[in-house]
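The two complexes that follow have chain A in common; it is paired with chain B in the first and with chain C in the second.
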Partner chain A sequence: MTDLATPTPSAAPKVIPVGRTRVIGYITAGLGLFVLLAFGLGSSGNAHSVLTFTPVNTSTNAPWSIGALTVLTRYWNMAAGLIAIAIGVHMIVRRPAKGAMVRFGVAAILFLFALLLWAGRDPGPSQGLHVNLTSILIGSSALAMVLIYGALSGIMCERAGVVNIAIEGQFIGGAFFGSVIASTTNNFLLATLAGAVAGALLGLVLAFLSLRYLSDQIIVGVVLVTMMSSLSSYLNLQVLSPYPNLNTGNLASNIAIPLLYKIPIIGPVFFNQSGFFYFMIVLVSLISFGLFKTRWGLRVRAVGEHPKAAESVGINVIRTRYINVVLGVAIAGVGGVAFMASQGAFQVGYTSGLGYVALAALIFGRWRPSGAVSAGVLFGISAYLALNLQTYNIPISTEILGMFPYLITIAVVAGLVGRVRPPAADGQPYKRD
Partner chain B sequence: MRIELRGITKRFGSFTANDRIDLVVEPGEIHCLLGENGAGKSTLMNVIFGQLQPEEGEIVIDGETIKFANSGEAVRRGIGMVHQHFMLVPVFSVAENVVLGFEPTKSFDRLDRKKAADEIRRVSKEYGLEVNPDAVIEELPVGLQQRVEILKALSQDAELLILDEPTAVLTPQEIEALMAIMRSLAKAGKSILFITHKLKEVRAVGDVITVIRQGRVVGSVPPTTSEAELATMMVGRDVKLTVTKEAAAPGDEVLEIRDLVVRDDRGLAVVNGVTLNVRAGEIMALAGVQGNGQTELVEALAGMRRIESGTITVRGRDVTNNKPREMLDEGLGHIPEDRQRNGLVLSMSVADNLVLNTPRRAPFARRGTRNLDAVEQNARQQVKDFDIRTTSTRELVSSLSGGNQQKVIVARELSRPLAFLVASQPTRGLDVGSIEYVHRQIVNQRNEGLGVLIVSSELDEVFALGDRIAVMHEGRITGVVDATTSRETIGLMMAGASSQSAHD
Partner chain C sequence: MTENMADVLAQADPGSPVERRSLWTRFSSKSPVVLALLALVLGFLIGALVIIFSTNTVLDAWRGIFSSWGAPGHALKVTFDNVGAAYRAMFTGSVFDPSQFWHSIATGKQWDNTLTPLSETLTYATPLIIASIAVGIAFQTGIFNIGANGQAIMGGIAGASIGSMINMPAIVHIPLTLAAGIVGGMVAGSIPGFLKAYTGAHEVIVTLMLNYVIAFFLVFVLLSTPFQLPGQSNDISRTMHSSAQLAPLFGAASGLRVSYGIFIAAAVVYFAWWFLERSSLGFDFRITGNNPNAARASGINARRVIVVVFLISGGLAGLAGVVQVSSTTHYVDGNFLIGSAGIGFTAITVALLGRNRPMGIVWGSLLFAALGVGGRNMQAATGIPLDLATIIQSVVVLFVATPVLVKEIFRLRSSSAQGIQLATKGWGS
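Up next is the complex of A and B:
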């Protein structure tokens, strides 16, 4: 057949960048300047910090263990600050098209590292406390793991177009039932299943209200969190308190991966973890692969971006959303069990807002599993430090660090840090016409 | 494919959108379905495409009676649809969009992207529809997006192609190209059902024209039927298709726009250095394909969008970045593009909507309280003067027809002293009768010495009203020409050619 020689339609309007990269540049450089002035020049010239790399309670990497490292606080922190400033200035001047969030993340890690050196400096308020980097990473990894479970749950739901802000409530549900089952059976596989089922049921409620009755998904989410926190304190009072052996606080034991766990510094962090940690890694790869490489993923994303288009090629929008929400919230339930298995017996309110930090990680990670991992690590470290920095007797309130993930999220949502774009139909009720 | 509709009836509650429709499309035929907005064309298409199920009647394809539960089944049976609002996922690639729902896969449910791209290249080549399978939809111009929609249908082996108002978003040249595609598809044996309300198009491309009005088939006629006859069939009475107007007597400049730069919601400078002036007693028609910055230009004029740089002057006074209320005080009359969003408060009465821009002024308000008698009196007067069809002035404006809603806006804007009038797509979605009415009102205002700026993507309207015609493309004015310029030249300018090179 002949070519119709159609004139090439005019090109789409050129994108003129608004200079968001610049704004992130300024923020990054400001962070660096703060590090330079407060943590660098703020430490006296003769102060030093001691970094150690052996986990506190084990000698797991004894054969390959490396000794303590003593650094001059002032100069290391000045260097960290200068690097962050350089990254920021580069972004302001050069405005690279990609990687702004990654650069900002590097600067944030530098900030946290400098904060640690500063807190552990000697002479200083900590009186010579060593900074055990490996222990900090291990502690952070437990929180990061929970955050990643939560963010994955959000990805599953929101990629299909249903907003799940009730991750906190789903953590609570998972932790509660996980603890009861783990205490009675001492079997973490069963506990995980129980958490998944509890999550799936909560997911069904969310899906039913938002898909069947087209309720506002944000409101349903708020209601679910409130309900779960009240329900858990009621059950705690009525069931767990009178029968303490239902909630004995089993911790999942670590499974060391032969040889690998002996690698200095990172070995104990990555290869001597509970099954929940490894399962999380499997889930990240599975969901990442599923969403972006498979037919299932293409359809899910189509449903989340343009449900009418999906419907017009015969994809069942409502069913896709049901399945994704139920599976996704089941993942959050497992996250709750994982939290319980790393923290001990269920207590009322002990998830302390981690579900919302997971939501922040989801946004900062741009609705991608890989992004959720990076954000989970960054937020996990800062959440861990917020909880544990007081051991260094530093003169600032550690609650400020606890605000860190939310500050970043506000900046991200306001469009200050990078352009985030949720799935186009995220949170919008879908009705066939 | 031969498709036959027998007595299709589709009701929504008590409203009958399709009333016993009979229609036959033969293989290799371009069958035009002509009707006004709200005549039931889109409903009928959704019935054929399986998105709606009819209450009565049957669909017969090649002698076999068919019932579709959803559009996936219709697609599998060889029916393809090019929707008015494209059914494309903007962040997906061309290939992902084309294969969605019918994906080739490898082991583990993996998408076979290579196979998908090859398939697209094959179909592109077969029908001469070039498009890069890896391009992302949102980065493609509208004309190419539409081509992807057509490809999508063809790659599912569509034998009947339904095109729902496909020309609304295209330049005249792109419309030509689309028609060429339609003709060649018909020659290849495909059946085409082409839905439109534009008389010129059906006569240019159709083999058979079926006119529907208020959900019923009025008749089927050959494409040799005159435009006037078609319009009469479509509306149900004789209509004047052209506005009679005398030569303009332009006076002083009332509106001057200089080097205006305005950004859209995404931060792109979609108005990028526009300079334009309007004199008293003339109609300046701003032509251009939708989405070339006209919307943002008008919003800037109305004070609804921040101006990045440049100036707007009204009767010699600098009004750049005035607030909307200040613009009203300067004598701006504004008929907005989206009347339901920016022109009316749908949940308020006709009477309240008629004083929406002057609620705080005498006589409608006194010392901070509303004077409801004056509002009511005003409403009665306007309803009478502008022939607004409503059961009562207290009626919610949402219950009025589109044409009457537009009359409410026109009445409100034209019933006070103005310096100039900006009317954006003033007749979009209106029936021919209402179009005639709105056009006459605008011409009357111009005859009385008002400066008018009309923004329209309908060339018919641009030629019917404009004393001078400015063409906008990608945020710039490609030229200002007089109303005797040929359609073709304007078309080229709409695609970005300067008025000079368009003439050559």
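Up next is the complex of A and C:
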């Protein structure tokens, strides 16, 4: 963080319980215990699960593949549970100063893995269903990508001190205009540009109202989401329904990176993706480098932490915020196009709160691009599994599964995050004296 | 508080030359009502633009503007015809239809048809007022309860289950049903309340996420055996017994749906006024909203305030949900308060429009209810989607939230440029 960051006097002391690491430790250990009892001892001793690693629609044509791996469900899950318990107990006893979230993340991944093994166990309700790890990772990566776009957008805005709660609305705008342009031109570069422009315009509205007229940024954000969802529903009925060729829902084709895409597991997940995925990686590294290693980043962070001090050394606070908000929201617009390009034709309400989950990923990732990536991956996998576990005959109803991503978001925001410290001037209107 | 200060400051120098403008200017630069009306005008203008840019006949007329001398006039006429038809349908569907009125005068019959639009608006406004009060009380405490919709759904579920599963006389059943709704909303409201008070989780994200969770929960409950309408496989609940329903005000034979629920709404409005203006707890709430530091310094327990305000806000939202069920459909289905029917989301905009004051909320609710009901009529009459009403509503609120912009657009003096002041600043608190 910048050294300028003396908290402003008005910042209320935050309610942070002492020993939160311990709380996370208890939760982690509890998760492990659940895995041990339900997924480990809960599956019979002779049950086995089959893990496969070749993607289902194998266009990759790998020269060598990994065969199916058959594991004994009970003992693998017991091991996973014991590892999670060990991590939790270590956190309770030793209270490590850092890395609580990483440890929790590992336990969460173990939990999901055990859940999959348990769901696909052979003498069990869904016999013969193999757990295709690579397919799961590919499916999750699409959601994670969108979440990371959203979180990056939030980082750009909030590091400069403007709360962007309207990521959901910007996704909708990007997806809508992206779909129209992609359907008419069949050119995803143009569609991306359209999404970015739509986002930039929305960003301009947010910046204009909150910077020039000092409106409450959260109110403006919430109202913008309402407006975008009703506007998209309106235009969907008025324009897209009569002209279905404006919304054909062509998906972005994958670009395979030569040689690398043939690596098993990693290849199809990382090197055989649409252009949006690669662009996301470029953006993450650009923003990460820019924010923490360049003069521009130092200025942005100064504006977000202590605008008065920034102004006194000659930084134009308002202009910095304008630029960051417009660029940031344009990123969210591209995220909307990316969502459309991976999910298909625009439908009203099909982002289903992903923009808010991205916001939570931003907080979980502590306003850092690298954190946003890990949060996006964790949320992406859990959201994907919640949507796709229905293929297994597990005794949990669809509706309860559907709640999972949102419940996880609440849990994360509510306290797993540990000590979050947003940019000190985040959301506070700034007026030059 | 800030409002009062602005008034005091304005009265302090009545003789200053700046103040000596026309009566209109002086009036308009102070009054939030005028501000809201101007925002409404802007909302309708932008709504008209949306209609123009999405209606083919209008666009075609403008495309041919250079084809003949009469074309520009024709284009203007087509524009006014289309926009006018939409807004006329909105008005006649929600307030009053002149032709129907004259028909009733001339024949002395069908007065119920004349009164139906107003009755529908009131029916829609009744739960909206309650839900908006719920949001407004939270706002006054500096808390942003976006979860009113989910809390209302929980209230509706609880109320519908008590109303349909138990048989008892109406005098006990109705209060019990309403109480169940309040408790349902409180349960949903307590989650963000406790989380914010004890972990510092920002209420905006928690309540938003809970809305999604509750939407799933609604379907889950509706498909579960004790709640589902017997013999149905759809997500629909049992119908409430007549002893638990809020009866129509003018009898079921009149065909007018406006129910006794409006008295509940009136009681809630009075309660909110009394609570915020007269009770000591309400005073604590407002202090907390206006100046958290002063509140802490004067010994107000911030955690208790947060939890209690969420209980009250959630309870009222739940009441709105149960009033909605027991005065209109009498059952809950999978679309209950989902999408454009989500009164909890409209309530946020209404609370902002009414500046979180009980009477302001009443007027705001009536206005937005008229927009919603009229929008339905507009959709039926002209085919323009109902969503236009929501677009207009959100534009209005955006402008109400930025009074300076409205004043600049209308070239009004902008001295007491107080926007909606909230304490929802950033994530930290």
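Everything below uses one rule, namely that the second predicted complex is superposed on the first by the 393 of 433 C-alpha atoms of A that agree within 3 Å, B and C clash if a C-alpha of one lies under 4 Å from a C-alpha of the other, contacts with A are read in each partner's own complex, and residues count from 1 in each chain.
By our rule, contacts are C-beta pairs under 8 Å (C-beta built on N, C-alpha and C of every residue); 3 or more make two chains touch, one makes a residue touch a chain.
This is a predicted model, so every value here is computed, not measured.
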item: Residues of chain A touched, compared between chain B and chain C (which is higher); value: C
item: Partner chain(s) touched by A:Asn245 [first = chain B, second = chain C, both, neither]; value: neither
item: First (chain B), second (chain C), both or neither touched by A:Gly402; value: second
item: First (chain B), second (chain C), both or neither touched by A:Glu305; value: first
item: Residues of chain A that lie at the interface with chain B and also at the interface with chain C; value: 10-12, 14-16, 424
item: Chain C partner contacts - residues on chain A that touch it in the complex; value: 10-12, 14-17, 163, 165, 209, 213-216, 218-220, 222-224, 226-227, 230-231, 233-235, 237-239, 349, 352-353, 356-357, 359-360, 363, 397, 399-400, 402-403, 406-407, 409-410, 413-415, 420, 422, 424-428
item: Contact footprint of chain B on chain A as seen in their complex; value: 1-7, 9-16, 18, 293-296, 298-299, 301-302, 305-306, 308-315, 421, 424, 432-433
item: Chain B to chain A touching residues, read off their complex; value: 49, 51-52, 70-73, 75-76, 81, 83, 86-92, 96-97, 100-103, 105, 108-111, 126-130, 138-144, 147, 171, 173-174, 177, 180-181, 184, 188, 263, 267-270, 473-475, 495-496
item: Contacting residues of chain C [partner chain A, same complex]; value: 50, 54-55, 144, 146, 191, 195, 197-202, 204-206, 208-210, 212-213, 216-217, 219-220, 223, 292-293, 296, 303, 339-340, 345, 348-349, 352, 384-385, 387-388, 390-391, 393-395, 397-398, 401-402, 404-405, 419-422, 424-429
